[in-house]
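One structure, pasted below without further comment.
So that you can tell them apart, the chains are marked A, B, C, D, E, F and G in the order they are listed, and the count of residues begins at 1 in each.
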Amino acid sequence: METTTTIEPKQKVYFDLTTSPHLHSKWTTSKVMWFVVAALVPSIAAALTFFGWTQIFIIITAVVFAVGTEVSIQVIRKKQITWFDGSAALTGLLLALTLPPNFSLSATAIGSVVAIGLGKQIFGGLGYNIFNPALVGRAFLQAAFPVQITTWLKPNFAVDSVTSATPLAAFKFDKIFTDTVPMAIGNVGGSLGETSAIAVLIGGILLIAVGIVNWRIPLSMILGMFLFGGMFWLINPQNPTPIFHIFAGSFLFGAMFMATDWVTSPITNKGMWVFGLGISLVLVVIRIYGGLPEGVMYSILFMNGFVPLINRYTRPTIFGAVKEEKKK
Amino acid sequence: MKVTHIIATLTLIGIIAGGSLSLVNNWAAPKIALNQKAETERAIFLVHLDGKRYEEIKNTGFEVYKVFNQADSSVGYSLVYAGNGFQGKIKIMIGLTEDLNKITSIEILEQSETPGLGTKILEAPYKNQYKELTPTPSIKLVKGVEPSNPNEVKAITGATISSRSVVAIVNEGVKRLKELQIKGALK
Amino acid sequence: MDITLIIAIATMGGLGFIFAGALAFADKKLRVEENPKIAEVNDVLPNANCGACGNAGCYDFAVKVVNGEAKISGCPVGGQEVVDEIAKILGMESAQSVKLVARILCNGGNLEAIKKEGIEYLGPQSCAVKTIVAGGDKMCLYGCLGGGDCVGACQFGAIFMNENGLPTVVEELCTGCGQCVDACPRGVIEIHPEDRELFVFCKNHDDPKRSKEVCNVACFGCGICARKSDGSIEMRDYLPEIDYTKLDLSKIPIDKCKTGAIRLIHPERAAELLKEENIEVKVN
Amino acid sequence: MELFLIFISAALVNNFVLSYFLGICPFIGVSNKLSSAISMGMATTFVMALTAIVSWLLYNLILIPYHLDFLQIPSFILVIAALVQFVEMVIKKVSQPLYRALGIFLPLITTNCAILGLALLASMRSYNFMESVIFGVGAGAGFTLALIIMAGIREELDLADVPKPFQGAPITLIVAGILALAFMGFAGMI
Amino acid sequence: MEELTEEGVVKESKNGIATIVISNSDQCDECSAKLYCKPGNSSERSLIVKDPFGTTAGDRVMVSINGSRILGISFLIYGIPLVFLLAGLIIGMNIFQSNKEIFSTLFGVGLVLIYILIIRFMLKKRENHITAYPQIVLVNAPKH
Amino acid sequence: MKKRVTLLKEFTKGLWEINPTFKQILGMCPTLAVTVSAINGIAMALATTFVLFFSSLLISLIRKWIPNQVRIASYIVIIATFVTIVDLVMKAQFVELSKALGPFIPLIVVNCIILGRAEAFASKNNPLRSMLDALGNGAGFLISLFVLGSIREIIGSRTILGYQVMPNGFEPWLIMILPAGAFLTLGLLMGLANLYTERKKNLEREALIAQYKRVGREEITDEVLKEAGV
Amino acid sequence: MSSKTFHGGVHPKEYKELTENLAFEKFPFPEMVILPLSQHLGKEASPQVKKGDDVKPGQLVAKAEGFISAPVHTSVAGKVMSLGKEQTSSGFPKDSIVIKTTGTVESEKFLFPPLNPETATPDEIRERVALAGIVGQGGAAFPTSVKLTPPKDKVIDVVILNGCECEPYLTRDYRFMIERPDDLISGLKLIMKALNVNRGVIGIEDNKPEAIELLSSKVKFEHGLEVTALKTKYPQGAEKMLIKTVTGREVPPGKLPMDVGAVIQNIGTAIAIHDAIVKGEVLISAALTVSGKGIKNPKNLIVPVGTTIQNVIDYCGGVTDDAVKIIVGGPMMGVAQFDLHVPVMKATSGILVLTKDEVAENPETPCLRCGQCIGACPLNLMPTKLARYSQLNRFEDAEGAGITVCMECGTCAYTCPANIPLVQWIRLGKQKVLQIKRDRDVK
């Protein structure tokens, strides 16, 4: 534009009209989502290493159907199509990583459709769902195909003593404890993503470091596990140790990727503590007294139901409001 | 006036209801009783295929029937025993031989297990394992491998708890019956 | 057998007796007199609790109607049918219910109203929000912003945005409840009885110079309509104001308005109306 | 221990609302106010405990001895209605304002299928006296729990962009379905 | 705790205390049973409320009740009696030998009644400055 | 809104317009509980219809004699009586069915449909209309229970009315016969029903709008062309 | 040097390097000025001139109306062209006086007789501040004389000079602190005298070490004066935040700083007070930062009030081709302009021309309930809830959630990864809630 020095009333302007603030932070929804997807890469790699590269088909199926469902519902509802923001792909990916290896592809597809359809879109789409969509899909599959989903595969580098049963199932039904080291590395039976605790931790710590995941939820879950798991262990040493609880099953995966889902976790800092501790308590009770060996999914879903209440009652006090009340 | 009207109306309705129900019941009660008896009988003879007649043994604390065959000689006992399953009570009719050392068969009377999963305890592959099973010292549940001993039962995949509950109930029932036998209450 | 019958009768009768006694006792203590007609009227009402009548709900309206505090034609949603029913219950002459309709009193759509030049508004497309960002993207500070808040507010789906970016009321669906009036931050929507035909389709109180600058179809405040109207139209702040009680359609030279800011809403209907009265009228 | 199991079973494992479908109507209609949910839950629990007591007495001391078990349904429902009426009267006697503030929940309870369901289930399962009382309290606790969760969720749903045809009862049912899935984790605890 | 609101019409108002007929309660919005849900078989639902405005009969008002008050009252009326009842039953079942059920029921109910009497006595004393009254917060409540 | 309607309408309105399940949202408990299979749904609906029909008829007959105060109490007793009759008859004649429906037959008493229709309709209308209304509502209930039951049975256990309809390769979704499945299916069905109603309403609305657009469009262009020159 | 802070807040990129080392330049006289009658909060001033009148710089053209108001003086010598509505940088037209410049000789400037700062009484100071038309330079433009006249029942014990300048880009206050430290301290002392307060604090963010050092050395021997280093964080310069960090007191919702015994003044205000008392000048020029990557030559300028921003931008070399946004004020709370023919006003602190990569407008997506805005809100509100409530027209709920407490600092919208225009919605909700409240009070 040529600059002029004369005053020209009603000079043509071509600028954006918005309200303050005029600056924005660098994060956007889609950046966040794709970043989480990236943080899952170690877990995917671990899954493919321990259960064979063919497991990639489960992941692909889940992601494709999740994105497909999202797009078709948005087309039907005549809403803006937002598959590229990565949230549907992330849901599909998370769902796939909670499934057992060699899970049937058709059932995976059903799970993806349910996760996006019933878990997310029916509440109005991204941001409005009450329950973690991937877990809704997983819980649906667990209820629909209970046998398939508890059929595990022996990991690739299994020594003879390792069975295909997950450490938790081995404990639940046969009272066999698995050592921590194989659980941490991932050389045990289990769902695709949960198998390697180290891979999960790498991704999780990355997310915490960049500030996508609020550290309070994983930390409170782990502390809660020490507290409640330890309590039950002290009462009866037959029960597993807190360490076993943390490394077995999908506890870490849930703590890093499932419970911390922005939409379905509390928005207040105090609430996050309540949420994390609640998950651990419910989880310990289910693992010890329940009929199922694993309960991370159920405990997170259960606490998801409480999130609105937690949010409501852990509302931060408005600046200066306390003092006013004290004065009265 | 108003008060009596109110009271009279409801009382009258109550009386009519009571009366008419009583009449319907007069018609239905025998049939219901018959149905129930047939039901019990069916279950008793299901676990003792050669049974023809049964006697209830009273004062045992649970239902025990002594079963007789065509020749009117005792073929064993049928007992009903209940316990906790995966989601609720499981009630089982257990058939035992006279010496209480062999199970003839079992029949699940009531259950509220997970449909399609826990309910496999109702199906032949699981149930038939109990035929000719030796409950001494007690029945054992095995997983993943075929049973090799006469007192072993294979668990249902994905429904370990339900399978285990049935085993526990049968074991407990047999144990109680044995105690009774020792006390001589079965005579 | 007979014993069971007698006991059964006695039990049920006894239970009934005790319970009825308790109820009767409670009734005596708790008695609240209520005009049975209220319940009847309430049944007739649409029970949408929309508040269009200006009462807290249908029951509230029923109470008021029975007590004579509200007109029996007060429910605009129910229409004539409901009015007749209420009249029957209350034993009154049925009144003519006049349907109320929302009127959008601005002509400045995308084609006519002048936009602020060269800018791009990037915020949410809602009139209410637009008003707080530099007063919206149109130059006129009084007219319709075209954000469609009224469309969203109408629970009967009676408003839609036409291609010119102006809301249009589907009269068949409109109940005159006034939700859109509340939603419009510019106040260009008004509720009028259906039979009013002449409206001023402009809200711009600016002086003539500025009015011309901001909109092609604004009322410039020339006052021709007021001068020719024998007092039923008066100018106030550069805008004509219509006194509907004095208005005589046959005497208004509507075609004199340069911008069409004051005009008939249904030219054909008005013409027909006047034809019945044997008056010739020129409709633009 | 048996009593405790009955309580857990009724409250969590076989939650009255989520797996027996009893008390669905108030569940669907519940407001988003936590305090009214708790209030209603407490009232229901109290009435449930009373119902469990009275229906047990009626069933085991009158109906069974006199072979009147066919009168179970009408007599139970009459007793429940009378009980609710009685509670209402007592509250009114205690304090008129309290009655006015809380009375609105009681008539609902009369026709709440959870109460009658409770009485019938308790007699069907031939619980003994204490067992049926605990069963009643557990059922009430489960009902309250479901109500509380739903009250919280409903507020969130009000802010959500739920597709219009699914607003109201349908989305509530779907949430209930997902909650039922979540409660399946407690299965096997009894 | 949150505030619960009800809308209604003033029936009568005296000395700062008014009786309100509830016309629209946000608690019953979605309930299918509201058709026949009226306390005490009357055909309207009414509340006694504090009236700092001095309203007159016929005014449309919005009434607000503090949620924690409601909770407190429910606890007073349902929660504590429930505990008493259960305690009575458990004690009864252990001390009585024959006809345990009837006697312990009577014992439990008796405990509750005693409690109720005490409550009543205490409330009577404070009837006039009882804090549990809902309060009118808005006259001519805006329509929804 | 109370209107004088034809007798036929009195019956047919219950099928869809005021369908107890989808429109009035009444009687959720049995709807969800018994629809594990289509046959159960049908049996439940028939039993309910029986009770609904007779209690409506009876209540309508004696509606003038019942004082207001004991209205609901009387209705409940009457309904309970009919339910007991159904229960007894079922236990005596249809043992299997009575076992399957279990505790849900007695719960018909507190099914809001019956009390709801009694209070909303039978207590205000003559016996003939009440009977038709009851039958209509019963039929509507039947339809919804059958639909729900069929869907759950087909997907949940591959069969309908006991006959296998899905191929063996189809792995049945166990969730459909669990409580969660009941909630989800009914929620979705109800949503779809609303969707249908809304579609219909929207089509009508769009037709109206189209009409307006035609008229409106001409009005605008004419004026704009003329006034643009001013 | 430990820096104090408060809960929440964000730290946007500062961009201050563009102008921080540029000394103030004086803007030559424009050809015409537009003087809105309402350049302050409160009642519009009433015009004292008519069309065609000749005026000289500093002459009163509109006098204050009522208590909360401020007079307007012309900044140039010239002829009154018109009185009428003119567009202003707030986005709405306001009644204004337009003056065509005829002479630029500064010696003709109208001046009050200078007062001795040592002997001036508090009343004299207040009166002079009122007559000089001084308004708060922080943005809200609250008439300073009102702030210096607290109600009798309020005990004020501290005056805080706001040297935070927490908005990115702006360097005006920084330049004042570097260039005129003595005048600034003199102004602060005058304020303390007017309020009869013994403690004066200058709060400066720790990203301006030179200013902290310079002022610290100046106040070292002054009794009751101190300089406090504050953590660099937006919105450190908001009144409530500043009081909290400096004194630890929290201003309750709906209350003013003076309720907790503090008065906050801007750096620019202190300088203006000094000028008014010591030199007898009236407030007719605005110091501002012209910055942003979209302007060719960023500058710190002293501009006659009423100059159009078009003139200012042209003086700075005009805008670059990739400029997309012109803002009057700071980037966090300023107003985007659609018309450059708007005047610089008394409280204008900056004109920013931003390019595409600076503003980074991203498409809006639904709220993810991540809680970032809640963590960042310095007032502990829940911005996402407030915005949603006002989106759904649930203003009663919004009121309950404390919407009226919000000061629209923009922290929430800055941090929102979903790019929801939270401030816009909250502002709407606030307006509606206040309106509802007013209606209610009327009844």
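Following the convention adopted for this analysis, a residue touches a chain if its C-beta (ideal position, glycine included) is under 8 Å from a C-beta of that chain, and two chains touch if they have at least 3 such contacts.
The structure displayed is predicted, hence computed values, not measured ones.
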* Just how many steps, at minimum, does a route from subunit B to subunit E need if it may pass only between touching chains? -> 2
* Asked: Does B-D or C-D have more contacting C-beta pairs?
  -> C-D
* Structure fact -> Looking at Cα centroids only, farthest away from subunit C lies chain B
* Using the average of all C-alpha atoms in each chain as its centre, how far is it in Å between subunit D and subunit G? -> 61
* Structure fact -> Note: subunit G sits from subunit A at a C-alpha centroid distance in Å of 45
* Could you please state the distance in Å, as a whole number, between where the Cα atoms of subunit D are centred and where those of subunit E are centred? => 19
* If you average the CA atoms of subunit D and of subunit F, how many Å lie between those two points? -> 24
* Structure fact -> Two or more other chains are touched by the subunit A residues 10, 13, 15-19, 118, 122, 124-125, 128, 140, 143, 146, 291, 312
* To do: Return the residues of subunit C touching two or more other chains; collapse runs of consecutive numbers into ranges.
  => 4, 8, 11-12, 15-16, 19-20, 23-24, 26-27, 30, 116-119, 122-123, 132-134
* Asked: What are the residue numbers in subunit G that touch two or more other chains?
  -> 335-336, 338-339, 361, 366, 421, 424, 427
* Structure fact -> subunit C partner, complex, touching residues on subunit F are 1-3, 69-70, 73, 77, 124, 201-202, 205, 208-209, 212-213, 216-217, 220, 223-224, 227-228, 230
* Which residues of subunit F touch subunit D in their complex? -> 25-26, 28-30, 32-33, 72-73, 76-77, 80-81, 83-84, 87-88, 103, 106-107, 109-112, 115, 175, 178-184, 186-188, 190-195, 197-198
* Asked: Which residues of subunit F touch subunit B in the complex?
  -> 36, 65-67, 69-70, 73-74, 77-78, 80-81, 84-85, 88-89, 91-93, 95, 156-157, 172, 174, 177-178
* To do: Note which residues of subunit C are touching subunit F in the complex, please.
  => 12, 16, 19-20, 23-24, 26-27, 43-46, 78, 81-82, 85, 107, 109, 111-112, 157, 160, 162-164, 168, 170, 172-173, 216-217, 258-260
* Spell out the part of subunit D that touches subunit G in their complex, as residue ranges. => 158-159, 161
